[in-house]
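Below: one structure in structure tokens.
Residue numbering begins at 1 within each chain, and the chains themselves are lettered A, B and C in the order written.
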């Protein structure tokens, strides 16, 4: 029983990282229609930045927050490269973000080498579970709630939603659609960065951890068709828990397949339904 | 398959070997002759690069066809290289004649593509990109866990390829084998794009519903191109396994698939010449930089940093500023 | 207010507008009528900077606001949020109160998502959103399309009232009778060219326009 509880908590904790990564994808996709392949790189860059800041003597907390802001800035720059040139289609931008993900490898190895890195999280354990998992869950809950409020309750959030819903109408009322897209990239970068900062103490990170992260984040978000934040959270938690259970009771070697097979199943099932609708 | 698409296929396959069709331009022949002299001039280390370049080119010709003609982004082309390599490797280790093992590589890769293609080719854009990526990750994970495939260590001690008693045991032999492979693959691709299939797919790229309405069996054509493109990669994988003599899941990382995408996009999607040029350009640039980066005094991480930077910057620059790719752009302006 | 001179707009090789000249003066209400595909919406999108002219000039003075063809509301947002976004350019003027006074029909809809409204309600919200920008010129593309006569009547009434207060209007309409009724002057656009223009009464009296757009025997 204690074992099960442990798997559930660690699963939810890891799932939070997927949900944050997926939410970043969703924010960016809704506003710009770009699927940001470099989403996992934000997490890696932020985590590596924390190791440097901690090494420079900054206290915990501050180092993590600064790293998340750095990730937001990197997100903004990615947005600028991927969508800044007039006439860039979302398909083109997807390929550009693929390139940005590879560029991140160069930067990461240049500054941090190619060996996995980690840093200490919240020490100790609570009820047989590493306390850090509880921190991950708490911070994720607060941040995702704040993001939801940003979208629902502020003029800026409404403008982002408006741009997502109808870019043409947004232009007509004078919303700068490009700037909204960049803002979305910045928010997406910060959310991705937060995922990396939170998860690295329990799962070390290396330059190529981004693929697993973006794939898991995409799998979390695909349930809600990359546009539904609540379903993305649910998807992330579901994946995290199922992976923890599979890893705990079956074998860790099947763990990574869980998200992949889930993603394929959702995609194919949805395409099948679309096919039936089209034929009708 | 519908009756109509079967008929189309028969037209395609017969057109492949008929000489009635025009189109092999003189500079193709001249280029092939010049390139075939190149291996004789290369130093041993450079020969290895030459072989690897040729193998990439084969996989990239397929990918370029898929992306250019079927309008699909695949981030899993290296899966089929892996399938081809493991097919040849496993068969050769289990005492199948090497030539037979090599021939099985493209066939098994094409069958695998046809199998997964039926469900996943209904996906579009980023969905297909992620689906192909997911399939590759699953394949790598399965290979890494499978005892019959040697697990993470992979397969070792593969025999050399031998054709009719002649054993290919020198790099130069493989250089010419790869050249023949590139030639074969380019020829098939060339016929394919000139065939009814190619015309149908071009129509499809401009407007799917219109093409579908005019009787082009869209789904079957797309599956055909997917399978052919996988066969090319599979053949490359098969040669690879004999050339190196060992293989492991780590030989076919996701990054290899991305590398193929970079080569295809830089050269120009849907262009055979573009695929060859893209593969050559990027391999040579990366090789030059690696040579530079391994000079004494350079840090140990320099080669990987430089090669990642080259892939990334070339991909981004070409996509944004030469969106058709180098070869189609040059051809248009000349 | 709006001055268009020799405007040519192309989509690729297809010419949608061919040397069009048109003018809306201060406080004037002008109709632009013409069949489907004449280029009316193209003109609108050029006025709002969404399309670039291939040749010619567009000059506007004062604030412009648009009720676009197809309404283009922000479907997931509430009516109130849609209205507020209408004043996006004007950070301080986002109070929606005055609009509810002008368009009392919207009051009971405040909290409803715009995507769930009927066509007539949506058109009213689109009008409210445009008025939120406190424009000097209002451009309306296809005001009456697909709406019940009673709703059209209400909308036309609001338009008359705003016009009486000094708002200039460029009204684009398929319903030529309604447009000529509301406006003092009109332009007729066909296949990207202005084929007739003048005071509404004169145009309504001209044989060609009457036959083509008012369904009268020549």
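Quick note on the criterion: a contact is a pair of C-beta atoms (placed from the backbone, for glycine too) under 8 Å apart; a residue touches a chain by one contact, two chains touch by 3 or more.
Everything numeric here is computed off the predicted structure, so don't read it as measured data.
In this structure, the chain pairs A-B and A-C differ in their number of contacting C-beta pairs, and the larger number is found at A-B.
Distance from per-chain Cα centroids to the pooled protein Cα centroid is smallest for A.
With each centre defined as the average position of its C-alpha atoms, the distance from chain B to chain C rounds to 55 Å. With centres defined as mean CA coordinates, chain B is found 32 Å away from chain A. Between the CA-based centres of chain A and chain C the separation comes to 43 Å, rounded to the whole angstrom. Interface residues of chain A, counted against chain C in their complex, comprise 155, 158-159, 161-162, 165-166, 168-175.
Of all the residues in chain C, the ones that touch chain A in their complex are 48, 50, 66, 68, 72-77, 81, 84-86, 88-89, 94, 129, 133. Every residue of chain B that touches chain A in the complex is listed here, in rising order: 73, 75, 119-120, 122-123, 125-127, 129-131, 133-135, 137-138, 141, 144-145, 254-255, 258, 261-262, 265, 301, 304-306, 308-309, 311-313, 315-316, 319-320, 323.
Contacts from chain A toward chain B in the complex involve residues 35, 37, 81, 85, 88, 91-92, 94-96, 98-103, 105-106, 109-110, 113-114, 208, 211, 215, 218, 222, 253, 256-257, 260-261, 263-264, 267-268, 271-272, 274-275.
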